[in-house]
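Which chain is which? They are A, B and C, in the order written, and residues in each are numbered from 1.
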Amino acid sequence: MVVAPLAPVTAGAAVSAMNLVGLLAFAVAGALKGADADLDPFGVATLGVLTALGGGTIRDVLVGRVPAALRSTGDVLVVLAGVAVGLLVAGALSGGAGRVRDHPAFLGADAVGLAAFAASGAAVGAEAGLSAFGVVVTATLTGVGGGSLSDLLLTRTPVVLREDFYATPALAGGVAYVAAGALGVRGATATLGVALGVFVLRLVAVRRAWSLPRL
Amino acid sequence: MVVAPLAPVTAGAAVSAMNLVGLLAFAVAGALKGADADLDPFGVATLGVLTALGGGTIRDVLVGRVPAALRSTGDVLVVLAGVAVGLLVAGALSGGAGRVRDHPAFLGADAVGLAAFAASGAAVGAEAGLSAFGVVVTATLTGVGGGSLSDLLLTRTPVVLREDFYATPALAGGVAYVAAGALGVRGATATLGVALGVFVLRLVAVRRAWSLPRL
Amino acid sequence: MVVAPLAPVTAGAAVSAMNLVGLLAFAVAGALKGADADLDPFGVATLGVLTALGGGTIRDVLVGRVPAALRSTGDVLVVLAGVAVGLLVAGALSGGAGRVRDHPAFLGADAVGLAAFAASGAAVGAEAGLSAFGVVVTATLTGVGGGSLSDLLLTRTPVVLREDFYATPALAGGVAYVAAGALGVRGATATLGVALGVFVLRLVAVRRAWSLPRL
C-alpha cells in the first residue's frame, strides 16, 4: 500500500470526506433494504440509520465511549438525507431497489464508506489501547457491523458471513493498521493509507467477483 | 401537551409509579410471548425479563452507565412477579395467550409502560449530554428495545419495524422532551409531561387502529 | 457443594486452566456450527471467535469495562487455535460435525468451559458491585452469551431458550456465588467452588439427559 506523503491535516480532511460519502451510501443502502423487506417508514428509516451508524456505535460501546452518533449532529443530518434519498428511490422504483444497489456508482460509494469506517475503527481501537486482535476487530466491526445489525433485524444471517469479499478488506485494513503502527506509521497518515488500501481492495474484489472459497 | 404544574417530587413519584406498571406489563407480555413460542420455563423467564429490562439496559450501555437493572433489586422483584403471572396465565390458557395481550386492560398497562420508559429514556439521554438526535434514540430504544430484543431472540423481525403505531409515540416523546428543554421545561416535570403525552398518543392509536402507511 | 480448602493462588490457577479449556472447546464448537451452516471461512472463524469470546464481552460491556478479549492476546491465540481445529475437523468430516459435538470428550470440554465462564461471570459481576440479580445475570450471560450470539447470527432462536439443561447450571452457579458471598466465602476459592459445582451439574444433566419441563 502506498501511503501518500500528506500532512496529517490534509489526510484527516480526506478521511472525513470519505466518512461522509460512506454515511450517505450506507444510509441509502439500509433504507433500500428496509423498503425491499416491506417495512413501514419508521422501519425503513431505522434500517438506514442503523446501517450507517451501527458499526461506529458498536465500536464506541466496545471501547467504552458514548457513541459519537448520539453526541454529534452533522453526521446524523447526512444519514437522514441518505434515508430520504432511499425512501424517494424506493418509492420511484417500487421493488426494483436491487438494481440501485448493484449500480457501479452505488458500489463505489459503498466501498468508500467501508474503507473510511474500517480505517476509523482501527484508529479508535488503537487509541483505546486495544491489542492487535482488538484493533482488527474494531476495524472489521466498524465496517460491517451496521449492515450486519440491519440484516439481523430482518432475521437474515449477515451477508458478510456467507458470501462476498466484503468483510475481508475491512479485516485486512485492521491488520495493515497494526502493521503500519509497528513500522512507526501512525495517526491520520496511517488512517488515510489504510482507507485507500481497503477501498482499492474492495473495488478489485467487486470487479473480479472475488469471494472466499467454501469449505 | 399540557404539563401539569406539579412539584418535581410529585412528578417524580408519578413517573416512578408509571414505571412499575410498565415493568409489570412488559414482563407479563414477554413471558406470554415466550410461552406462545413453546420455550422452556427458563426461556419464558428470559423473555419476560428481557422485554421488561432490555430497553433500559440498552439505554444505560449507550450512555456508559452500568445498567440500573443489574444494580437495583426492587424493579427486578416486580419483573419476576410479572414473569410468574405470565407463566400462570400461559398455563391456564394453554395457547390462547394472544387474547390476553389484546385485552384492553393489558393494552392500557402496556401503554403506561411505553410512556414511562420513553420519558425516562429521554431524561437519561439528556442528562448524559447527548445531542437532540441522541435523546430521541434513547427515548425510542428505552421504550421499544426490550420487546425488539425478545423478538430477535425468537428470530422475528421486531414488530415495531413492520406495523402498528407503537415506536412512533416513543419517538415523538423524545422529540417533545427536546422541544420542552429548548423552552426551558426540564427535569421531573418534563419527564411526566412527556410520559402523559406518549400514553395518550398510544391509547388513541390503539383505539383508532392507526398505523404508518406502507411505502 | 464442597469447596476445597485450596490457597487462593492455586484456586486462581485452576480457574485459569479451566478457562483455557473452555475457550478452546467453545471456539471449536462455534467453528463447527458455522461450517455446518455453510458459511465461508471468514464466517466460520467469526462464529468460533464469537462463541468463545462473546459471553465475556457482553459481561464486560455490561459492567463498563473494555472487553478483556480486545485487550489481551493469549486468550485470542487459544481461540484461533480452536477455530483452526474446527476448520480442519469440518473439512475432514464434511457435514458430520454433529457427531463431534456429541462426542463425550467434547461435551466434557464444553462443560469445563461453561463452568469456568459462569464462575468468572459471577466474580466479575460481584466485583463490579452488582445486585444479587446482576451477579446471576452476568454468570448466566458469560456462560451462554457467546453461543446465543452465534445462534442469532445464524437466525436461530438460542438453543438455551428451548431445550436442554445448559443455561440452568450457569444460573445456579450465579446463585451459589451470591449465597457463598453471604456466608463469607469470596474470591478465588468461591470462584473455583462455583466452577466445580457448575461442571458437575452440567455433566450429570448430560448423563441423565435432563431438560426443563415444557409449560
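We take it that a residue touches a chain if its C-beta (ideal position, glycine included) is under 8 Å from a C-beta of that chain, and two chains touch if they have at least 3 such contacts.
Here the structure is a predicted model, which means the values were calculated and not measured.
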Same or different residue numbers at the chain B/chain C copy interface, by half rule: different
Rotational angle, Cα trace of chain A fitted to chain C, multiple of 5°: 120
Rounded Å distance between chain B and chain C, as computed from the means of their C-alpha atoms: 31
Of all residues in chain B, the ones touching two or more other chains: 61, 64, 152, 155
Complex contacts: residues of chain C adjacent to chain A: 34-35, 37-44, 46-47, 57, 61, 64-67, 69-73, 76, 87, 90-91, 152-155
In the complex, chain C residues that touch chain B: 61-64, 125, 128-134, 137-138, 148, 152, 155-158, 160-163, 167-168, 171, 211-215
